[in-house]
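By written order: A, B, C and D. Residues from 1 in each chain.
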Amino acid sequence: MLVNLSGLKSVGLEHFLIIGAILFSLGIYAVVTRKNAIMVLMGIELILNSANINFIAFSKYSTADLSGHLAAIFVIILAAAEAAIAIAIVLNIYKNFLTINIDEIDNLKR
Amino acid sequence: MSLFDVAFYVLAFITVGSAIVVVSSRNIIYSAFALLFTFFGVAGLYVLLNADFIAVTQVLIYVGGILVLIIFGVMLTTKVFDVPVKTETLHVGPAIVVTGAIMGTLFGVILKTKWFDILNVQWDGTTKKIGERLMTDFLLPFEVASVVLLVALLGAVIIARRERVKS
Amino acid sequence: MNQNTLILLAILALLLPFLGFVLLIFWGRKRLPRQGDVIETGLVLGSLVLSFIIFFNKILYFPNPIEWKFEWVNFGFVENWGEMKITLGILIDNLSATMLVVVTVVSSLVHIFSIGYMKDDVRYSRYFAYLGFFTFSMLGIVLTNNFFTMYVFWELVGVSSYLLIGHWYEKKSASDAAKKAFIVNRVGDFGFFVGIMIIWASLKTFNFGEVFAGIEQGKLSGGLLTAAGILVFCGAIGKSAQFPLHVWLPDAMEGPTPVSALIHAATMVAAGVYLTARTYAMMSADALTFIAYIGAVTAFIAATIAITQTDIKRVLAYSTISQLGYMTMALGSGAYVAGFFHLVTHAAFKAGLFLGSGSVIHAMHHALHKIHDHHTDPQDIRNMGGLKKKMPITYYTFLIYTLAISGIPLTSGFLSKDSILAGAFAFGKLSGHTAIPLIGFFVAGLTAFYMFRLLILTFHGEPKRKDIFEHIHESPKVMVVPLIILAVLSLWFIFGPNPFDASATWVEKYIHKPESVVPHEQQFEFNLPKEGVLVTEYEHALHEAHIPAMLLSLGMAGLGILFAFLTYQWGKISAEKVANALKPVYTFLKNKWYFDELYQNTFVLATLGISKFARWFDIKVIDGIVDGSAHLTKLWSFSVGKFDWNIIDGLVNLLAYITGFFGYITRLLQNGKVQTYIIYVVFAVIVLFYIFLG
Amino acid sequence: MQILGIGILTWIVFLPIVAMIFVLLVPKGRETWIKWISVVATGLQVILAAVLLLNYRYDLAGVNTLEGFQFVEKYRWIDVSGVAWFGRIVIDYFLGVDGLSMPMVVLTALISFIGAIASWELPKTKGYYALYLLLDTGMMGVFVALDFFLFYIFWEVMLLPMYFLIGIWGGPRREYAAIKFFIYTLLGSVLMLLVMIGLYFSTSIIDPVTGEKVHTFNMLAMMDPKNYEPGSIFSGLHTTWRYIAYIALFIGFAIKVPIVPFHTWLPDAHVEAPTPISVILAGVLLKMGTYGMLRISFPIFPDGMIKYALPMAILGFINIVYGALAAMAQEDFKKLIAYSSISHMGYVVLGMAALNTQGVTGAIMQMFNHGTITAMLFLIVGVLYDRAHTRGLYEFGGLANQMPKYFGIVIIAFFAALGLPGLSGFISEAFVFLGAFQTYKWIAIFSATGVIITAGYILWTTQRLFFGQLPERWKNLPDINARELVTLVPLAIIVIFLGVYPSPLINLMNTSVNHLVKFVSEMGQAGMQLGILP
């Protein structure tokens, strides 16, 4: 909402990039703050989406070919795979620790 | 202000608003549902960007696949009925600072940059073209991606499998 | 028979006893028949025969000395020296030929006597081996032509003496005596060796003839020559038991009696006299005076001690010392031939005396053994007496020896002793050293006295211990025969036809006083030939002194014998009363002038003290310094270690602490929570972004 | 002279090392193999020494002339250029023998062989023999090296095994003794090293290979004043630095001899070391000190030698008398023998200080004879100690009847030690005195009193051990056995033979000794006459 409404130019590349940036920041925030592993996962999805928006936006306004689209497709594919694996891991963690709060799983420290 | 602009702002509002809800909601169920709206909003934005195939894919995979998966995860790991499904947060302060910083930075960069060569191409339909390119230039990544998916599938099954031999 | 054959025979005579030694020492005890005594005796007898052949050939057919040399060591050409080499060899002149006979005769007789005397000894074979070794060494001394081998055999004789004195080494006194003999001899040999060093350094040769020639050329003269003479004589002082090194000889009586006869009466101790005779030509007037006085003092001291001794062998030992002093005195006073003559005659009768005493001791020993008395000393004359009846042969031979040593006419001793006294008389008159003839005559009387005292106490009178007396028997033939032979050898006709004229003997005829090679200014003036006069002043005086000396010595001997009979046979004078009247003198003499105590408390204790000090010094001072420096080093390193620990390690530790502190800080960041890390990552990305793009 | 293309001296020096490798390869439980390998190797060394003797030319002098050396082997060993400020370093592998070293080579071979036999019963066989063989190489190397650096290396090679041999196989105070030995010797080595480096930078010769001037460790080059660079530390004759160097070198060697007051390592080391090591120590190692003086100190610093000959003679006298006196006060048999060694090495020092043919000949003969005699003495101590497990002189008596064969051997050794004519000890002592008397009359005379003291303590010991009554506890002591006889009898034969006929030994060294004496006295006096005094 930092868009300057008075001198509003027509919606263009910047606008989409801004949306991407906002989503990215929100995703980071979710990843960093949330204890729940699934919430972290959601944050990651947000980040991936922000990236996709950027790809598509650049594809339309900048490169003028479909490379961005293709990249977005692969991102989506990987996101799907990642989500599946992540959920599996989370379930496993839950099985072992009876929690999915990441801060309690600080085995890295030991 | 054209219709395109109006549509953009509406969709942007939906996307960002729901994303904020995802991030800020304490209840994980709410977050999951808010995420649904975010995905839809993003899909709308894709439409605005003439990316019909991607928009459809977004809806199919994210909404139909990933989100369902996430909700399953929520269901399986949260005692929905006994304990409030509220999730706790940690180091919110540093996170706000850092995310604020990164957002500010990105904004600054985006706004300051002189974006050259604004083409604003209009495609009639991207599906066919995407298909062609997938089968030509991107054949190898495509195949690799399929393998990755297969491995991920198997991996997920193995990881999440319940070990029966446990006493 | 030519010279070479003679040399060959001499070498053979020298080596035969040694061969016996080698055979006996390796195979004697187990392999050889009768433990090899016959072999050794036979070999020595062979030596004896050879000696006689050499002797007669030499004096009859070869007027000149026969010498054989070989190069032993060659150092090549040496700077400031020339051709440096050591030649050794054999010298046969009348002196050595005579001595050869004396040594082999006595040695053979002692060997024979020992077969009886040493019967049943534990180390019978070894005893004979040592005897052979001794004979070999003694013949070596006799035959050598140079100082070097003289010294070599000199020491070897000392060693065989050591081994034989210590033959019964289970007895502490025996091993002590052996040790003492060797060490005291070493002291004398030390002087001898220094003398040899002087000779070698100045004359570059050891050979007697060459040495004398060198002195004649004036290569060695003055004080050094006198010193050389006296130092060489030091060897004689040691070996011939002259004052002040006479202390070992009485102790040496710990050895078996035949050994005492052979080594410590007849031959080895006479070697000193022989050495002096050999080197006579190089003795300067001062050296000769020194020798004469040493001889006189020795003769006197020993004679006085002999009067008081009660051990039969010790009396004989002191008598030996005294007689050796006599000979030395004779040589010193210029009566060269007389001195050597006395050596020869003394060898026979003193060996006889010892063997006779051996016969007595043997008998006493067996008697004591029969009555199971192991405490009584078989050698103590106070336990004897009256043995004449039981041991007639021993007695009569002993009587002849005693007469001989006392210088009674018809014996060999009369001839030689008379000559000595005449020489001393002449010397005293000419040189002004009147003490020498005075002592000479006085000692002649003393000798007669103590010898007859010994004879009377042993053989005459009533037996003091009847129980022992019962079991006394005459010794076996193998012991008696040597006694008879020696008794015959102690009579005048062996030496010359006239029992009153020494100058008619073959000794006087064939042994001549060597020409002195000493520069004239270092000789006695009366010994120098005068122009127009055929005989020297000394010879003249000697001739004149003959009759008075003879009468005087006879008188002294007669007096001595008379007193002996008065005191011990007829009891007219009580020995005890005299002893009590002269108590301090008696004690002094009885204790042998306290020489042993003196040496013990000075030299021996001092040496031991110094050696203890050396040991202490080593352990405390030198090792103290070494260990001290080690401790210092340790202390230093310890303090360095402290420094290390506190300062350097302190710094290091500080550094480590700081590192640790930072590590702690960092560790706080590292909390194991993924999300924290993500914050860091993002933060870092931002920072990097601003760094690179800002 | 070569065997299989390798010089005979290399063979004789490195044969033990080869044997050592074999010893190390021997599997466990085969201790007998080790012993036989060592004995055979040292035996071969003796044979090689005999071959050397047979091919030895008696007319060549050596000392300071390369042509005079025999069986010379000279190869470039180290040649490094541009080493910091050293420049080019050239070190030769340079071996050779002359009359000074030949007796020592023979002695070393002999004593090592006998020591190897005498070591038969020691525990921890493998380590022992490996070190022993290494020691052997070190000793042999010292006596044949003609390059100072090589000499130094061998000198140090000898040190380390000795340390372990004493420190591991020694008696109750072995650590103390080993460390004392090591530090003492190391001190000497350091002094030697300093002088060596000084000499290295002072001398330079034309390198035959490249033709350029290089510094050298060649001893022969160091003996020629022409090779000294003008202005270098040791150039000229009779300079203060040369005197200092001579004294430093002298102390370095004196520690090994040992000369009083640097001698206290010796009694400890000897007493604590096992028998064969004592034998080696006294038989060979002590000679390295005096050999070093003859080989290095004298010809390289003739000026210093001449200047300090008198103090050296006095030290020799002190050694003789002091050693003998200290020996007399000992109660431990082995310690007594150790002190007698000090006393006997004094004769060597005195003879060398005399610097004339007889004195130096006597000194070298004494080195050889003392080597054999003292080896006998230590073996004798070992025989008794092995049986009785004590060495206290006061505890024995009457052994002459109990151990007659032993007594016979002991008597030979003892009388040889006290200088009885007819045994080798006398000949060398007599020559030393005869030589010394020509130069220093009074010192020779005073030193000769040592002979009396020696007789005193030797006879006293004989009496203590062999005479008197046999104590009850030694009633079962067995007599000397065959193996011990094998070690002792050859030595006894040598002692007697050289006592009667020393010419073979004298002829061996004579040419060299005469040359050495002439060279040193002329060189030393030349500087004096020229007035190059500081």
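One rule holds for everything that comes next: a contact is a pair of C-beta atoms (placed from the backbone, for glycine too) under 8 Å apart; a residue touches a chain by one contact, two chains touch by 3 or more.
In this text, all values refer to a predicted model and were calculated from it rather than measured experimentally.
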### Query
By the touch rule set out at the top, what is the minimum number of steps from subunit B to subunit D?
2
### Query
Taking each chain's centre as its mean C-alpha position, how far apart are subunit A and subunit C in Å?
122
### Task
Could you give the separation in Å between the centres of subunit B and subunit C, each centre being the mean of its C-alpha atoms?
127
### Message
Rounded to a whole Å, what is the gap between the Cα centroids of subunit A and subunit D?
### Response
90
### Query
From the C-alpha centre of subunit A to that of subunit B, how far is it in Å?
6
### Message
Quick check on subunit D: which residues sit in contact with 2+ other chains?
### Response
none
### Query
Which subunit C residues touch at least two other chains?
673, 675, 679, 682
### Query
When you check subunit A against every other chain, which residues touch at least two of them?
28, 32-33, 103
## Note on the structure
Pairwise touch list, complete, is A-B, A-C, B-C, C-D
### Message
Using the touch definition from the top, list the residues of subunit C that touch subunit D in their complex.
### Response
25, 72-81, 84, 122, 148, 151-156, 159, 162, 166, 169-170, 172, 174-176, 178-179, 182-183, 186-187, 190, 193-194, 196-198, 200-201, 607-608, 610-612, 614-615, 618, 622-623, 626, 630
### Query
Inside the complex, what are the residues of subunit A that reach subunit B?
2, 8, 10-19, 21-30, 32-39, 41-43, 45-46, 49, 52-53, 56-57, 59-62, 64, 66, 69-70, 72-74, 76-85, 87-92, 94-95, 100-101, 103
### Query
Any idea which subunit D residues touch subunit C in the complex?
180, 183-184, 261, 263-264, 267, 322, 325-330, 356-358, 361, 398, 400-401, 408, 415, 420-422, 426, 430, 433-434, 437-438, 441, 444-445, 448-449, 451-453, 455-457, 459-460, 462-463, 466-469, 501-503, 506-507, 510-511, 513-514, 517-518, 521
#### Entry: Parts of subunit B lying in touch with subunit A, wherever the complex brings them together
1-2, 4-5, 8-9, 12, 15-16, 19-20, 22-23, 28, 31-32, 35, 38-39, 42, 45-46, 49-51, 53-54, 57-58, 61-62, 65-66, 69-70, 72-74, 76-77, 87-92, 94-96, 98-100, 102-103, 106-107, 110-111, 115, 117-121, 123, 126, 129-130, 133-134, 138, 141, 145, 148-149, 152-153, 155-157, 159-160, 162
### Message
With touch defined as at the start, can you tell me which subunit C residues reach subunit A in the complex?
### Response
670-675, 678-679, 682
